[in-house]
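My questions all concern the structure below.
Chains: A, B, C and D, in written order; residue numbering restarts at 1 for each.
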Amino acid sequence: MIQLEHVLVVAALLFSIGLFIALSRRNAIGILMGIELMLNSINLNLIGFARFVDSPRPIDGQVFAVFVITIAAAEAAVALALAVSIYRLRQSVDVDKLTLLKW
Amino acid sequence: MSDIGTPPYVVNIGPQHPSTHGVFRLKVTLDGERIIDAEMVLGYLHRSMEKLAEERTYTQNIPFTDRMDYLAAMTGNLGYCLSAEKLAGVEVPERASYLRVIFAELQRIASHCMANGTFVNDCGAWQTPLMYMFREREKILDLFEMTCGARLTTNYMRIGGVAFDVPDEWYPSINKLMAEMPDRISEYEEMLHDNEILLARSRDVGVLKPDVAINASVSGPVLRGCGIAWDIRKADPYCVYDRMDFDIPVGHNGDCFDRFLVRLEEMRQSVRIIKQALEQLPGGPVTTPVPLALRPDPGEAYVRIESPKGELGFYLASDGGPAPYRWHVRSPSFINLSVLKELSVGLSIADAIVTLGSLDINVGEIDR
Amino acid sequence: MRAVVAAWYDFDPFHELYEWIGDVTSSEELVYVIIAVVGATGILSFVGLGALANVWLERKIIGRIQVRRGPNRVGPGGLLQPVADAIKLIQKEVLQPRASDGKLYNLPPILVFIPAMLTFAVFAWAPDMVYADLNVGVLYLLALSSVTSLAIFMAGWASNNKYALLGAMRVIAMAVSYEIPMVLALLAPVLFTGTMSIPGIVDFQRTNDIWLAFMLPLPVFIYAISATAELNRTPADIAEAESEIVAGFHTEYSGMKFGLFYAVELINSLAVSGILASLFFGGYSLFGIDEYIPPWIIFIGKIYFFYFGLIWLRGTWPRLRIDQLMAFSWKMLIPLALINIAVVSAEVLIWRLNEFDSWIFWVYALMNIVMMFVLLQFFFTMLTKNYYRLPRRATLIHDVSVPSLPAPTFTQGGNA
Amino acid sequence: MDDTAVVVAFYVLAAITLISALMVAVVRDLIHAVLFLILSFIGVAGLYITLSADFVAVVQVLIYAGAISVLMIFAVLLTPRSDRDNAAVSYAAPLSVLAGLLGAVIIFVGLDTDWRQVEGDRFGQTAAEIGQALLDPYALPFEVASIVLVVAMIGAIILVRPGNEEEA
């Protein structure tokens, strides 16, 4: 029998891996991958809560997960468009070299 | 996907590639799928024919012409024999001239079948139009086989005429073929004219402007596709073409589809010519006796004929010996190919392949 | 559901096997496992045999289309040709380019197989012959098709070949473009039947004695075209476009690895035919005739009917260019699908609110067929009018004439 | 039997998800990283199924494995080869400690809280239920989400439009 705790531990580990990736990558696309992993872990939590936690309308968790997936898709599209246009501008997607706003 | 600004991507189309029609290499630089630069690399099929010919007698050189444009051996034979006859001053019997016209036109139909079939194949058809056109090509090759025993490398024409007279069973066969051929051509038209995909792939693709075509010395269906009515058979008649009544089909726009149309229509005109020639076909000998080791007087001769690919010219120079002093071939494939870069830069890879297919090159003729 | 099928044959292996095993043993788990293994074996053997049969059918039918005979040397009528092909492929050397991407290169032939096989799990072969009745069946099919394109991309990328990478890029671009009309097209039967389970949709068509294809002709059209695009078959085989990029994503695969890609293409064609048959053409039902013929025979017959259509397409049409194919999706199929969804939702709403009987379906069928013809005519004219601007016959000129032209502008050999 | 199967499936899928997520951080080639990310997404989808969220699971495969990963592959292929490495910044080690600590805190909080759990599977037709929830209580967020998608689409198109180069 799966318990809520199992889900929470998996989601927490996934979140920290995602966080590490998002913070440590130099490539803009790599950072985006970390963010997607974090969003996934959040979804996992939402689904887990929907499944195990007492609430008047248990489906809410899954609906939220659907919303998160939607927003993740939008975010990925915009972020990748940004990455491509940044590459066009600077010939690089290395975020360490993007010092345009650095004073 | 044009202006994303990706790094350039160099792709070698060929020498081993399904649609380069032989071993021909096109080195293209791509931006996405769009060609921004193209370089043609030739010479993979070079067999040094022009040099070899300087060591052989005039008659021994005829088989080389089979192997230049191996899809149109008859016209190769014809052009070479005409130039050798002009050099040596040999008269050709009338029956031989008619037979030459008939076989050259049969060869034109066969070659255009091949050209159009592979062109539609290059547009991506799964062999079907090619197979339809092969059906008729096979019958023409059967006629060749009946006459001279060979189907592809015919080696049929001789200096002073043709090698053999046609056998008796040849007449019903060709009459039957000529009777059904217009229907077959209509069948191809029916199959391909209203095909939106073929139109989408070839209309307005690879448009050759008339001035570019003339300045590049392009000839044959490629030239006629851009709307210029030029045909050696009418402009500089050889054999008995001046006695034939036929039209020059021309295109409207100079795109790949126009070249395709011109070839289709030329097949019809060829049928017309063959029918007239069969009607007028006189009796008599088919060859003038010519010494086997022909020694023409010193001099030079140039003869051009309308091969299926375009203007096929043979230049022969003699120093009085049994072998030509110099032999040069003006091959239409080679010169038509020279516009490929002009046409393909700016197109996508798929369009460049279609354009290459519509030029109807033959690498055996390009590299000789 | 069981009571419906009580015809003379009463062939229902799952149910009878279930009962028989239930008599022998009392262990529920054992019964479950046995049924699962038997069902999987049945489906896999159908798919495997189907792939072999498809090789023969495809070559034979295309041969007929191309006025030739097709294979006729190995076995009667060339029937053993696929076996000979398979033996040849198996004994061929499997080459791996040195610059290829190691493990990634070996994975795709296996990976493409998985979704192809999984697709067959949700089909309803007969009223009780459903291996996995997922209540998100339609979405499941769509998800699987997107996984296939990823495996194909991996193949193209890992080969480290320029043609293969071009093919892989084309696959990915196509997958993005054609997923949308596909989803929108498959939404229409879901709207009508109110369920996403494939057996549910088939059952709706059987109980109402109507094929959804009559009511939803436009989605059939859209789905069939998007499916050929996703299948990489002519006229949309741009990912392996032989005349352009040699063999696309599987350029570097030889021997049985190529054989697997080839088999997957055939299996996927069967799967697409199966989806068409069950979502739009009544699945195993045939207006009551399914009482006299085993339903799974009807279903397989329908699958092969649509498969014949796919072969016919391949034998007839040239290939579109990638940008034309994309434009076709974005400019024609997606607007059409959106219009269709709006109309169908309105129709379903009217039907559900007024609680009409099933006679209303025939009214809808008439309306939608008329709508389809009008819309298709409009879109086709819009998309193709440019191609018909010039005559499609060469002009005939009797005498040589060369026009006088402006000064040379030709630059070949100079710069450029 | 059913329960043990689900538990085993859960552990296997969790292992796939976490290991491939880790591989995303480890591998050098960006394309390999994307492919491991897809494997991770599919693992998460499997986890959803064990948590009886089949609709979300299929949507996860469809959107993440089918669309987002495709976008990422495109973005990677549109950047030059030299930029296709997956290198970490020089201060990755302290970051991993930080991320690990945060993960530990989350796990601790998660295990320590009383979550008012209930027993039993409560979901039947999740697709229908989600559909009703989207159209009834969540109608406004649903519409907002669609607007967000449209805005994102237009934004993405404007960002990569060819005309932008001159302004830059």
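Note that a residue touches a chain if its C-beta (ideal position, glycine included) is under 8 Å from a C-beta of that chain, and two chains touch if they have at least 3 such contacts.
Please read all numbers here as calculations on a predicted model, not as lab measurements.
Let me check something: if the centre of a chain is the mean of its CA atoms, which chain is farthest from chain C?
B
So which one's got more C-beta contacts, A-D or B-C?
When the contacts at A-D and B-C are counted, A-D has more.
Please indicate the chain closest to the centre of the assembly, with centres calculated from CA atoms only.
Taking the mean of C-alpha atoms per chain, the most central one is C.
State, to the nearest whole Å, the distance from the C-alpha centre of chain A to the C-alpha centre of chain C.
Measuring from centre to centre gives 34 Å for this pair.
State, to the nearest whole Å, the distance from the C-alpha centre of chain A to the C-alpha centre of chain D.
6
Between chain B and chain C, what distance separates the C-alpha centroids? Give it in angstrom.
41
What's the distance between the Cα centroids of chain C and chain D, rounded to whole Å?
29
Two or more other chains in contact with one residue: find those residues in chain A.
84, 87-88, in rising order.
Enumerate the residues of chain D that touch no fewer than two other chains.
55, 59, 67, 71, 74, 77-78, 80, 126, 160, 165
For chain C, what residues touch not just one other chain but two or more?
Residues 173.
Could you please specify the touching residues of chain C with respect to chain D in the complex?
Contacts found on chain C: 28-29, 32, 104, 134-136, 139-140, 142-143, 146-147, 149-150, 153-154, 157, 169, 172-173, 175-176, 179, 196.
Across the complex, what residues on chain A touch chain D?
Within the complex, chain A touches chain D at residues 1-10, 12-21, 23-27, 29-30, 32-34, 36-37, 40, 43-44, 47-54, 57-60, 62-63, 65-67, 69-78, 80-85, 87-89, 91-94, 96.
Flag every residue of chain B that touches chain C in the complex, lowest number first.
Chain B residues touching chain C: 1, 9-12, 17-19, 33, 120-128, 131-132, 135, 193-201, 203-204, 210-212, 214-216, 224, 227-231, 234-235, 247-253, 257-258, 261-262, 264-265, 338-339, 341-342, 345, 348-351, 353, 357.
In their complex, what parts of chain C are in touch with chain B?
Of all residues in chain C, those touching chain B are 62, 65-68, 162-163, 166, 173, 234-235, 237-238, 241-246, 314-324, 380, 384, 386-388, 390-403, 405-406, 408-412, 416.
In their complex, what parts of chain D are in touch with chain A?
3, 6-7, 10, 14, 17-18, 21-22, 24-25, 30, 33-34, 37, 40-41, 44, 47-48, 50-53, 55-56, 59-60, 63-64, 67-68, 71-72, 74-76, 78-80, 83, 85-89, 91-92, 95-96, 98-100, 102-103, 106-107, 110-111, 115-118, 121-123, 126, 129-130, 133-134, 137-138, 141, 145, 148-149, 151-153, 155-157, 159-160, 164-165, 168
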